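This is the structure I have questions about; it appears just below.
By written order: A, B, C and D. Residues from 1 in each chain.
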Amino acid sequence: MLNCAVLGATGYTGAELTKLLLAHPHVRVSILTTRQEKAIPIEEILPSVSKKIKLQITPYSFDEVKKKADVVFLCLPHTEAMTVGDQFLNAGKVVIDLSADFRLKDPELYPKWYGVQHNFPARLKQAVYGLSEVNRAKIKKADLISNPGCYPTGPSLALIPLLKKKLINPDSIIINAASGVSGAGKKLVAATHFCEAHENFNAYKVNKHQHTPEIEQNLSQAAGKTVKITFVPHLLPISRGILATLYAEPTRQATEAKLRKVLISAYGDDVFIRIKPGGQFPSTKEVQHTNFCDIGLSVDTRTGRVVILTAIDNLVKGAAGQAVQNMNIRFGFPEEAGLL
Amino acid sequence: MLNCAVLGATGYTGAELTKLLLAHPHVRVSILTTRQEKAIPIEEILPSVSKKIKLQITPYSFDEVKKKADVVFLCLPHTEAMTVGDQFLNAGKVVIDLSADFRLKDPELYPKWYGVQHNFPARLKQAVYGLSEVNRAKIKKADLISNPGCYPTGPSLALIPLLKKKLINPDSIIINAASGVSGAGKKLVAATHFCEAHENFNAYKVNKHQHTPEIEQNLSQAAGKTVKITFVPHLLPISRGILATLYAEPTRQATEAKLRKVLISAYGDDVFIRIKPGGQFPSTKEVQHTNFCDIGLSVDTRTGRVVILTAIDNLVKGAAGQAVQNMNIRFGFPEEAGLL
Amino acid sequence: MLNCAVLGATGYTGAELTKLLLAHPHVRVSILTTRQEKAIPIEEILPSVSKKIKLQITPYSFDEVKKKADVVFLCLPHTEAMTVGDQFLNAGKVVIDLSADFRLKDPELYPKWYGVQHNFPARLKQAVYGLSEVNRAKIKKADLISNPGCYPTGPSLALIPLLKKKLINPDSIIINAASGVSGAGKKLVAATHFCEAHENFNAYKVNKHQHTPEIEQNLSQAAGKTVKITFVPHLLPISRGILATLYAEPTRQATEAKLRKVLISAYGDDVFIRIKPGGQFPSTKEVQHTNFCDIGLSVDTRTGRVVILTAIDNLVKGAAGQAVQNMNIRFGFPEEAGLL
Amino acid sequence: MLNCAVLGATGYTGAELTKLLLAHPHVRVSILTTRQEKAIPIEEILPSVSKKIKLQITPYSFDEVKKKADVVFLCLPHTEAMTVGDQFLNAGKVVIDLSADFRLKDPELYPKWYGVQHNFPARLKQAVYGLSEVNRAKIKKADLISNPGCYPTGPSLALIPLLKKKLINPDSIIINAASGVSGAGKKLVAATHFCEAHENFNAYKVNKHQHTPEIEQNLSQAAGKTVKITFVPHLLPISRGILATLYAEPTRQATEAKLRKVLISAYGDDVFIRIKPGGQFPSTKEVQHTNFCDIGLSVDTRTGRVVILTAIDNLVKGAAGQAVQNMNIRFGFPEEAGLL
C-alpha cells in the first residue's frame, strides 16, 4: 500500500481528493493536514464517510508528513505550494501539486498572471505537467507532477491532437468556458453567496484569467509555435462542472469527419476521454462525479469554423481525479484504479 | 385607453405580456385567448394577480378579438401566427407578432431554418422589425410589428452601431449565448425536466439554431454586406435570462474606448440600454424582470480581439417587454410606460 | 409627497424596501443611509434602477435624516434599531422598524431569545405591532410601528382568526417552516455559500429560533391565554419565499368548511390575503415578488388534525412590502399603493 | 457471481440500481429490460458508465429474464409489478420489488390508497418488508422482498425503536417531509418542469399520500396497536434527498438523552444509520449519493414535544441502495458491499 498525504484537505479539492484516495484499492491515506490550528474530524469535510472511517485532519507538520507519506498531494493556495513542494522534493518524496505553482515553464509569467515572483525556477523545469493522456510517458518517471488547472484540462485535451496535425489555425482559437461555483473554492465572497450566484450567469476576469498562459503553453507546444488565445470564463449556477465551447478555423483539408477521426485516434484507448459522434455534444451532468472528459464537435460549412465542446467535472478530471490518475500512472497502478 | 388582445396568453411569453399590459397605465386588456377549449381563469397562469384582477382567458374567436381589440399581440407558435396575423391586418388592426413568422425578409429562409413554406411573402415586406432602439422611426408608423427573437436582441443591439461605423470585421463574428429554461417554453420535454436541467449546462442546436438567419439579417443591414456568423446557444439552469458573449475582430482604428464611445453615442438617451464602464460586465441577474439590455466590452490587446457581453431577460426585453415598448412607440405613449 | 428615509439600505431588506418606495406613487425617497464609510451609488444594490434613478446611499448621519425625512424606516441589525428608533421618535418622526427590537411586549424575552437587555422598555409598550390586516386600526395612529418578522407573518395571519373563534386547541400548535436563503441576509457565512445551500435542505435552530416568542405573543393575544408552540425553521435552496406548514387540533365543531369560512370572513376584503379553496394549497412561487399571503388548509378526518399552509415572499409581505403597507395605512394612502 | 436482472432500468430508480449493481463486487448484471420496443444502449441512461461498460437495455421478455437471472429487481410502475413478481416467484427466482405492490399486508388498503384491487393477496402475506436494519432476520430467508417506499424509510427507522420501547405517544405523530424532484420520477408533468419546480416549494397530496398506510403499518407493528399519523409531503427544488421532520409527544420518562440512547442502542452497529449528537441535525446534502439514514432529535422542554429529523437520498437508501442492501443480506454478502 502506498502511503498518501493530502495537505490542505479541508478545501473542496482536498476533500474530493481525500474521498477518492479513501476508496482507492492500492493506497492508504496516512495523513491529512490543515493550516487551521485544531484537528478536524474527517466527517466535518466528508460527511459521507463518517461512521465508516475514523480519521482526523491535523494541523500541518512537515516532520509528520515526511514520516508518514510516500507521496504528498498539495491542495494548497497558489504561492504556498511552491515552498512546501520544494521541501518535500528535497526530502525525497513524490509531489503531486494541485496548485498552479509548478505549471508554467516560463518563470516570468508568474509575476504577470499571478502577481508573485517564482522562487524555485529550477523546479519549474523539473516539473512534469500532469495532463494524463498527453504526458503519460513523462508522468511515469516524474517526482514532481504539476496537476493541470480546471479550465485548461478540457480545451487542451481537445486541441492538442488537432494542433499537432496542423488541422486548425493556431491563431484562431477562442475559448468560451463556464464553471460551477466549486471552482471558486470554499472562501466566502459575495459572488458565491447563494442569493448572488443562484439564478445568475456572468463572465468574469474577461481576457485576464490566470489560466490563459497555461492553456497557451499547452497549445504552443502542440503547435510548435507561439499560440495566443482569447479566453473568457463564466460562473454557472451549478456546484460542479465545466463546459468549454471552443471556436477555431480548421485548415483547408480538415472536415468534421477528419477532425473527429484524429481525436478518436489520439484517445481511442483512453477510458476517460470520450469523443461524441456527429450531432451529439457533451453536457456537464453527464460527467459529474466522474473523471471523464467528453468532447463533441461540429464544423459549420457556412462559416468554415469548427465548434468544439468539452465537459469535465472541475473537481474530478479538473483536479482531484486527474491527480489520482497521475498517481496511478506514476506508481504503476491501473490507470482507472479508484476512479471507476 | 387602447384595447389590447393577447392571443396565446397561457404560454410563458403570453403570461408575461399580459402581466405587463395589466400594469400599463394607458391600455386595457380587453381580451385574452387560448387554443384550449375551455376558458381559464387568469390566476391559473398569473397567480400574482389573483384577487386583484378578474379575467378569463377564453377560447380563441376571431370575431371576438376583432370586436374588442385595437392592437393584437400574437404569442402563437411559429407558422400559426402567419395566418392569424394576416387576418387581423386585413381587419384593420395593428398586429404585434412575437413569433418568428414575420421576422425574415427573405421568404426562402423559412423552409431552410423553420422547415415551412411562408404563405404571405408580401407581409414579410410590410413587417417592421421591432428592435425598438434601432427601428424606432419605422415602428412609429407600422401596422405589422415583428418582435425580435430572444437571442438576436442583445447581440444585434451591441453589434449594429459598431458595424455601421465599420469598427468590427463583419466576417469575424462569433456569438456564444446561454439562455434560461423559460426560453424553451412551457412544453414538457425531457431537456426541461427539473432533474435534467438542474445542475447541468450544455450547448444545443450547434450551428443550427433558427435565430441564426435573423441575427445575420440584422447585421448584414448594418454592415451593408452579407454577414455570416457562428452562433452556439446553450441551456442555463436558471428560469430567465440570456447572456451572450460575442467575439470579433475590431478594425484597425477601434480601441476599446472608441468602441464604447460609439455604443454610448448610439444609445446614450435610451433608458433601456446600459453600457458598462471599462472592466465591468453584465450579468443576467442584474436585468432579470427588467426591460434592460446591458452591454459590456473588453478589447484584448494580446490577441487583437474584442469580447462583447450582452444580458437581457429573455421574457422581457427578449419578448414581452420589447413588445410593450414597441406598442408604446407605435401609439405615442412614453417609451418606458408600463416597463419601469 | 411624504419624505422617506431608509436606514440600512444596502441589505436585502433595505434594498427591497428602497425599490418599493421608489416606485410608490405618493412618497419620495429623500435619503438612504449605510453604516459603511463611503457613499454607494444606488445601482450597486439595485442594478435594476440604474440609468433611471440617480441616488447615493450615504454614510449615516442623524442630523441629515432628521432634516430630510418624515418617516424613518429602520433596516438595521437587531439591537442597533433600539437606540436609533428612540432617537427619531424623540425627534418627532414616524418610525417603522423592520428589526425585532420593538416586537416583543415583555422586555424579559429579549435577554432570553436575543441575548441582549432591552434599554427602552417604555418604547415596547408604545410600539404597535405591524401585522397589517390584524392591527390596522392601531397602525393608523402609531408613531412607532414594529414590522413583524418574516416567519411570524404567515402563521399569525392564519391562526389568529381561528384562535379568536376558539376553533383550534391553542396547546396543539406546531409550525414547520422553510425559508429561502435571503432570509439569512447578505452576511457571508458557510451555510449560505452556493455550494453548501444549493441542492441541500436542513432544519436549523430547532426549538430555539428567536421568532418563537413573537409568534407565541401573537397567538396568546388571540387565544386570550398563554400559547406555547413548537417551531422548526428550515433553509430552502431558493432565494425568496417562506412556506409554513401548521399542524393543530380543531376544537369539536370545527370542520374544514367552518375553518375556511372563518378565514374568508376575517380577510375577505383584504386584497393581500388569499384563502385557497378546498384541495388547493399555496406555493412560494405564486407569491414571489408580491405582498400576498396565501393560505390553504385541510382537515384530516382520519386523525382529527388540521393542516394549514401559508406562503409569503419573505422580503415583501415578510419585511419590506408589509412595511410599505403599514406606511400606507398610517398615512392614509390606499393600502395597496406601491404594492401592485 | 450472482446474476441480476433489473426490470424497468430506464427510470431514475432503475438507472440508479443498475449503476450500483455494476459496481458491486459480487454480482453480475446479466440483463436489463425496458417496456419500450427498441433496445437502448446503457449510456443513454447512465452516461457515466459509457466507454467502460457495454450493455443494452432490451425489450422485456419473461423467458430471457428467467434464463439469465437469479434475482429479479422490479423497478416497474405500481400495479404492474404485482403480476410480474408473481410470475418470477413461480419460476423460482428471488424477487426484490421496488414498487408498492407488495408493501401493504392488508389487501383492502390497495383500492383505498392506490385505486386498484390487489390480485395476489397471498403474496402480500409472503412478502418480507425490506426495511433492512429492522427486518434483517426475515430478509435473510425471503424470496419476495418488498423494498420500502422513499418517504417511509427515514421516519420508520427513527420511530420504530422508540415506539417499541413505548417512549413516544403513538397517537401524537406528525410527519412533515420534503423530497427532491427525482422522487416524482422521469415522467413529464407540469410540476416537474424546471421553470415550475425551480425557486419553488409547496406541499402536495396533503393528508392523501399513498405512503401514509405504509408508514402506519410499520409504526403499528412497533407500537403493538393501530397508529394513525398525519403526513404532509412537500416538493423540494433539489434533485435528490428527503428530509423528514417528525413531531411527537414523548411519554413521561423520555428525556432527549434517553431517546437518543435508545436509537444508538438500536442502530449502533449498523453502518448506514447515524445518530447525530445533541444540537446537530441531518441535512440532505450530507447523505446525497450515499445509503445513509441520518437521524437527529431535540426535545423541547417548553412544550414537551420531541422533534426528530431524518435524512436520506431518496434514490439510494430510499430505493436502489436499500434494495442492494437487502440483496446483500439475502445472499450473505457483506451488508455494505457495493454501497461504500
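List of remarks:
One rule holds for everything that comes next: a contact is a pair of C-beta atoms (placed from the backbone, for glycine too) under 8 Å apart; a residue touches a chain by one contact, two chains touch by 3 or more.
What you see is a predicted model, and the numbers here were worked out from it, not measured in a lab.
Using the contact threshold fixed earlier, the set of chains in contact with both chain B and chain D is A, C. Comparing chain pairs A-D and C-D, the larger number of C-beta contacts belongs to C-D. We define each chain's centre as the mean of its Cα atoms; on that basis chain A and chain C are separated by 47 Å.
The distance from the centre of chain C to the centre of chain D, with each centre set as the mean of the Cα atoms, comes to 39 Å. Chain geometry summary: the mean Cα position of chain A and that of chain D are 37 Å apart. For chain B, the set of residues that touch two or more other chains comprises 196, 199, 237-239, 285, 288. Residues 174, 176, 178, 196, 199-204, 206-207, 228-230, 232, 234, 236-241, 243, 245, 247, 281-285, 288, 296, 298, 300, 302-303, 305, 307, 309, 311 of chain B are the ones that touch chain A when the two sit in their complex.
Chain contact summary for the complex, chain A toward chain D: residues 23, 47-48, 50-52, 199, 271, 274, 285-290, 292, 336, 340.
Across the complex, chain B is touched by residues 12, 181-182, 186, 188-190, 192-199, 237-239 of chain D.
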